[in-house]
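Would you mind keeping the following structure in view while I ask a few things?
The chains carry the letters A, B, C, D and E, assigned in the order they are written, with residues numbered from 1 in each.
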Amino acid sequence: MTVHVRTLDELLHAPLEADSDLTTQEYLVNMGPQHPIAHGSLRVVVRLDGETVKEVIPVPGYVHRGVEKMCEHLNYRQVIPYTDRLDYLSAIMNNWAVAKTVETAAGIETNDRIEVIRTIMAELQRLQSHALWWGVTGMDLGAYTAFLYGFREREIIGEIFEETIGARLTMNYIQPGGLMYDIKPDFAAKVKKLLPYLKDCVEQYETLLSGNVIFQERLRNVGIVDGARAVALGCTGPVVRASGVPLDLRATEPYGAYGKVQFNVVVGTVGDCWDRYYVRLEEMRESIRIIEQLIDGIPDGPYSTIRYNVELTLPEGIHYGQVETARGAFGVLIVSDGKREIPYRLHFRSPNFNNLWVVTAMAPGWRIADFISIQSSLDLVIPDIDR
Amino acid sequence: MIHAIKVAQEERLFAGKSVSVAVITRGRPPGYLRVAFSAVTGLLRGLWLTLGYLWSPEAIVTRQYPENRATLQLTERFRGNLRFKFPNEKAQEDHAAFIEQLAHETQTHAHVAADLVREENETRWYHNCTGCGKCQEACPNASIKVFTRQGEILEDREVDRFVWRLDSCMFCNACVQACPWDAIEMTGGFENAVYDRRLLVYNLNRLAGPRINYIEEEENPDVRKRMVERRDRYGGEVPLNGFALPNLPPVTTPMESGSRAIDADAQARLT
Amino acid sequence: MQFVHTMAAAAATNTTWTPQTLADRAVDSVPHSLWLTAGYFLLAVVGVAALLSFLGMALIYIERKIAAHFQCRLGPTRVGPFGLLQTLADTLKLVFKEDFVPPKADRSLHMLAPFLALLVPVVLLALIPYSPNVQVADLNIGILFITAIGGFGVMGILIAGWSSNNKWSMIGAMRAGAQIISYELSATLALLVVVLFSGTMSLTGIVLSQQEGWWIWRGHAAGFVAFLIYLVASTADLNRTPFDIPEGESELTAGFHTEYSGLRFAFFFLAEFINMFTVSALTATLFLGGWMPFHVGDWTGFNAAMDTIPPGIWFLAKTTAVIFVIMWFRWTFPRLRVDQLMHLEWKVLLPLGFANLFVAAVVVLTELYPFPLGK
Amino acid sequence: MGVALGKLPGIVERFPGGAMAITRLDAAINLARSNSLWPLMFGTKCCAIEMLMATGASHHDLARFGAEVARASVRQADLMVIAGAIVKKMAPRMRLLYEQMAEPRYVIATGSCAISGGPFMYNSYTVVRGADEVVPVDVYVPGCPPRPEAFFWGLLTLQRMIREGETIREPGIRRKPVMAALPEDVSLHEIRAEIRAALANENVIDVTQAANQKPWARKVREWIQRASLR
Amino acid sequence: MDPESLLALVETEHPSIRRRSHADRPAVSVPSGELLAVMTTLRDHADLRFDLLLTLTAVDFPGEDRFELLYRLYSTVHGLWLIVSSDVPRSRPVAPSVSSLWPIAEWQEREAYDLMGVLYDNHPDLRRVFLEDDWVGYPLRKDYQDEYMLELPK
């Protein structure tokens, strides 16, 4: 039995189909690694016939840093800052995934205060991430002003993070057994002041882009994927929810304070780019709703149940924990040998890596411009794909 | 909105659970005229929104950085720069009047006088660090290297040089959290741009010596003076002195005066 | 410049002249010395170049500031007072930047294309009546000339895209070709409506025909619809958002000018903005009464007050208003897809344009026109 | 160099007062260049959000410096902001982008990853330890990621270098100041004269030569050659 | 369905599997020869319907000369969890591809091949995903050597 291993060159230098009737030929173009739609450095080789996309070959790996290998040399606390640098727009939620895994495995208890603060922070980050995504989608489709409005809201939410956490992007906030800092006394008041503003912003987003006929035409019925296929392609998060599958870990396996609050899992019906767009807008409203329910009654208690310098050793075995980030299920799989305080093997289940490949099913048959809509509707963060 | 968007709440059985979902549905496509009408109104509403921002200068949120340097306040927790805590520093800073007087007496500018005072007053640089190395252990990527030495008075080891690599620091705050002595802190300084990256590796401590309380317990000023030794920002085992830290080219002409001799031993310790 | 002024004076006095009289007058009006002629020519070239670059830089500065204020920010502030010298710095930098021709590009065409792109809007500038006495050439076939030359503008882009030997440039150029040629049709149909109303193809004639009221409202619905069609079609001709698919950044990196750097890129940049000025000036001339002041029927006092404002200012104000609208579009709307662009042209604008032309013809035939404004 | 600049100094300096004119021209050109730095849209990682997007956003507004004209095309960009980790797979591509930029081109490395490999300096099998192994870097802006303000400071630092740096007499020879600014809380005595002396020799760089000495330059040449042979 | 009855159900379908200890969720160990058959059952059985392959990865045990392949399955129909593990020898790391069952496995397996060097039989497009094709070695293996890599000083 031999297994044939291919190379990219082999794939790209396969003969291109020439239409015999007309003197046209298909051609390959590289979208990336340096291309505005790459949103970082993802290379997508697109086989085109005129303007029509025939085939899409994503070639990730231009920011593959080997984090999983590095984590085999780091203890569990030191792993957390590295999760910031995967999906940096969901840094707090990624931290939470590691913290949750370690807490469950090592049997560390947390208290209500910690869980409520974690939930509020995670939802704020989801809002921030979606605002940023909204802006970037606008920019991808040519509406540059939308980009700046999205970033304005990101910055305003970011001020709260800066005040509480002291970082703007790479948070390293949620620690095993608690938080890095307690919240400031005026935290709740500031967040409460922010929420009506954010609601107003979502309405503005509706006016500026959702209500725009050009924007709607760019997204509607483009890149349809049905629920079963999306699940089989490993999609999670808004991508799979837009196809009508209410797969949301916050609701199906409640963690943190999600069990205590009322919120809806937003699902679409068609599974096109428009649904993916609108699911995120609705999720912003749901996030605001979740924060509204929690912000008034943050319980008292310590912000960390264990000391920082305590050694964390996990029992032998496989430990897995996952959270719902802004882009889907982020999971941490730790294989521990039970002896050392570093993992034997650590694997990140990244939502973006699994969401990426759905483009190969969505894009063929559409134009280059639709490929742009499709890729921005997936909301990919490239370092999370590559890890 | 051209096609009506409806968001309806319902309960749905999913993964063996009842999940409350908000389903986004769209209405039937309306007729041609209605589409044309709502397309035009949609475009106009967008234009109206942006025009509103154009006419309202109060909506401008720009903070003009280099112009607002004097008033720029970062939050107290902001992680922009690692620095030593110098408990005596504040008291020394308050001696502005003294400095002014000194400047007047020595006929120099105030900042020269301030430098003179700083040179003289080593008490300003007394620190909390014991050189225990917890921060070094906590650092995920070895951005901190604490060199210790045998103390003059103390039997324990005390900090000699606290080398921090700003060029590789990831500002995760682990060192500050791990420090049992509250000796280091993250501050909001961010104006660290350089032309040569070797300038980003430097000593955080200004004095090699024991923790502040050991020095201040000592009554005899001569002994006090002997307990500590000056350390420069770029003196010692930092790359400017001819060392190669991992992946950091050494300066071809190493500093000669005012710095300690380079020993191969120290180089080995670093790499 | 004297040459230009004489031409303008000639244009004002005599509106029916042929290229022959043009040449005669040109020869008459300058001293009969070859050196002096060359000197004047050089002076004119330098003057026009300075004027054009000033115009381009001013427009770029305005665009940057307006965009910034749309987006809740300040725009250039640090170079000169209010950042006024920002575009000057940009220009100087671009002039002294390395001028690069890709090794496998068609060298001569690659170097020629930016000049071709700039040529068309500059030629069209000569036709515009800025003020009663300021116009370089008032051709009696002005509208025809505009459509003929305007269609030529796409050549620069096509050549640029083809000669760069870059796939993105090529796609961009092809898109631009398809787009500009399609939208020229609608633009022309809109122009024809004005020609029908005013009964002349001379631009000065068209301005003078709007003495009673501007075509945008005096032409009934037809005039207004033609104005809208012309605005949309000319925005498309300019390759500006929402029709900027030839250089759509997120799709084609920089479209047809991907491989251009330094001065040649600056020429494309300049061409875009001069083109925008030309198109806006034409819109103002054809639909908004050119340099005519704003009059309202019987309000003699108001009308007299309006007359005190010089016609040049009126012209500039109207042009600026149109430029603002085009910029406003850009900073609000997303970009269309290439097939939607074609759909808009061939299935919406073109039928509308034809219908509109028909309506205009009916209006003219049944002498619903002209009706005095305000009565 | 730019249009008609190659031989300009040689010609002008023959005339009386020519040298002065060239010096003035130099100052004007450098002023223009320093105030018109159009960045290349090139970011690999987290820093890209802060450096290229947040700085351009309304709260910080890169446009104030005239640098909001972010170009997607390499040819039209002046400034390459290396924001994020450079891995071995990306390094040749980044090198290629650098070589495709038109002169004069400037490089800012922002964030720990781009300066030294940062968080991924040890135990990572792909990360290049410092963008300066690939392209010559003019200014380093440390942080992880740096604040947008820190990037502005870096930009001001670069502007200072450009104003003092290059002349049209010797295009490509760049003089870097030794210190960008005196670090806070540090007296002049500590930034010793020796540092200045030690670095002064190294801070005059022939950009083109320095570029060719980088380890990845050869690899890129081979790579391009291989690609063009196909 | 509780974990016990889930495991019992899988065991009755495929007696060759063994239950696996040291795992946070119900886990079974499958001989690599039967992996595809077991996976087909897990996906298609009306009471199981594991339709989401959350993670697919491999763990290197050089001391025991084996790679452990880990599949983590989730059923969006019944809300069930299952970990499937399978050992392949390190000297001949060939495993059947499950990409015919879950399309996403195509890329997850490519990742495992790229970083760990596990070869998947009947894979439609087995090639490196992150690293370049001329990369030597499989970096996530415990014995991977790289002359450029620096060890973290401790």
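The definition used in the following text is that a contact is a pair of C-beta atoms (placed from the backbone, for glycine too) under 8 Å apart; a residue touches a chain by one contact, two chains touch by 3 or more.
As the structure is a prediction and not an experimental result, all values here were calculated from the model.
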Lowest number of touching-chain links that must be crossed from chain B to chain C: 1
With chain centres taken as the means of their Cα atoms, state the distance from chain C to chain E in Å. 64
In angstrom, rounded to a whole number, how far apart do the mean CA points of chain A and chain E lie? 24
Taking each chain's centre as the mean of its CA atoms, how far is chain D from chain E in angstrom? 46
Per the centroid of Cα atoms for each chain, what is the distance between chain A and chain B, given in Å? 28
Mind pulling the residue numbers of chain A that touch at least two other chains? 35-36, 61, 64, 66, 69, 73, 81-82, 84, 145, 148, 152, 155, 170, 208-209, 212, 214, 245, 247, 252
The positions of chain B in contact with two or more other chains are 14-15, 17, 43, 46, 49-50, 60-62, 64, 140-142, 170-171, 246-247
For chain D, residues that touch 2 or more chains besides their own: 57-59, 61, 64, 72, 89, 119-126, 129, 144, 147
Complete list of chain pairs which touch one another: A-B, A-C, A-D, A-E, B-C, B-D, B-E, C-D, D-E
Touching residues of chain A toward chain E in the complex: what are they? 1, 3-11, 60-61, 64, 66, 68-69, 73, 104-105, 228-229, 231-234, 245, 247, 252, 315-320, 322, 329, 331, 333, 335, 344-345, 347, 349, 353-354, 356-357, 361, 386
Touching residues of chain B toward chain E in the complex: what are they? 14-17, 141-142, 246-247, 271
Across the complex, what residues on chain D touch chain C? 1-3, 5, 28-29, 31-33, 35-36, 57-58, 61, 63-66, 68-69, 71-73, 75-76, 78, 102-104, 168
Within the complex, chain C is touched by chain A residues 27, 29, 35-37, 51, 138-146, 148-149, 152, 208-209, 212, 214-215, 217-218, 367-370, 372
The answer for chain C against chain B in the complex is residues 66, 69-74, 77, 328-329, 331-333
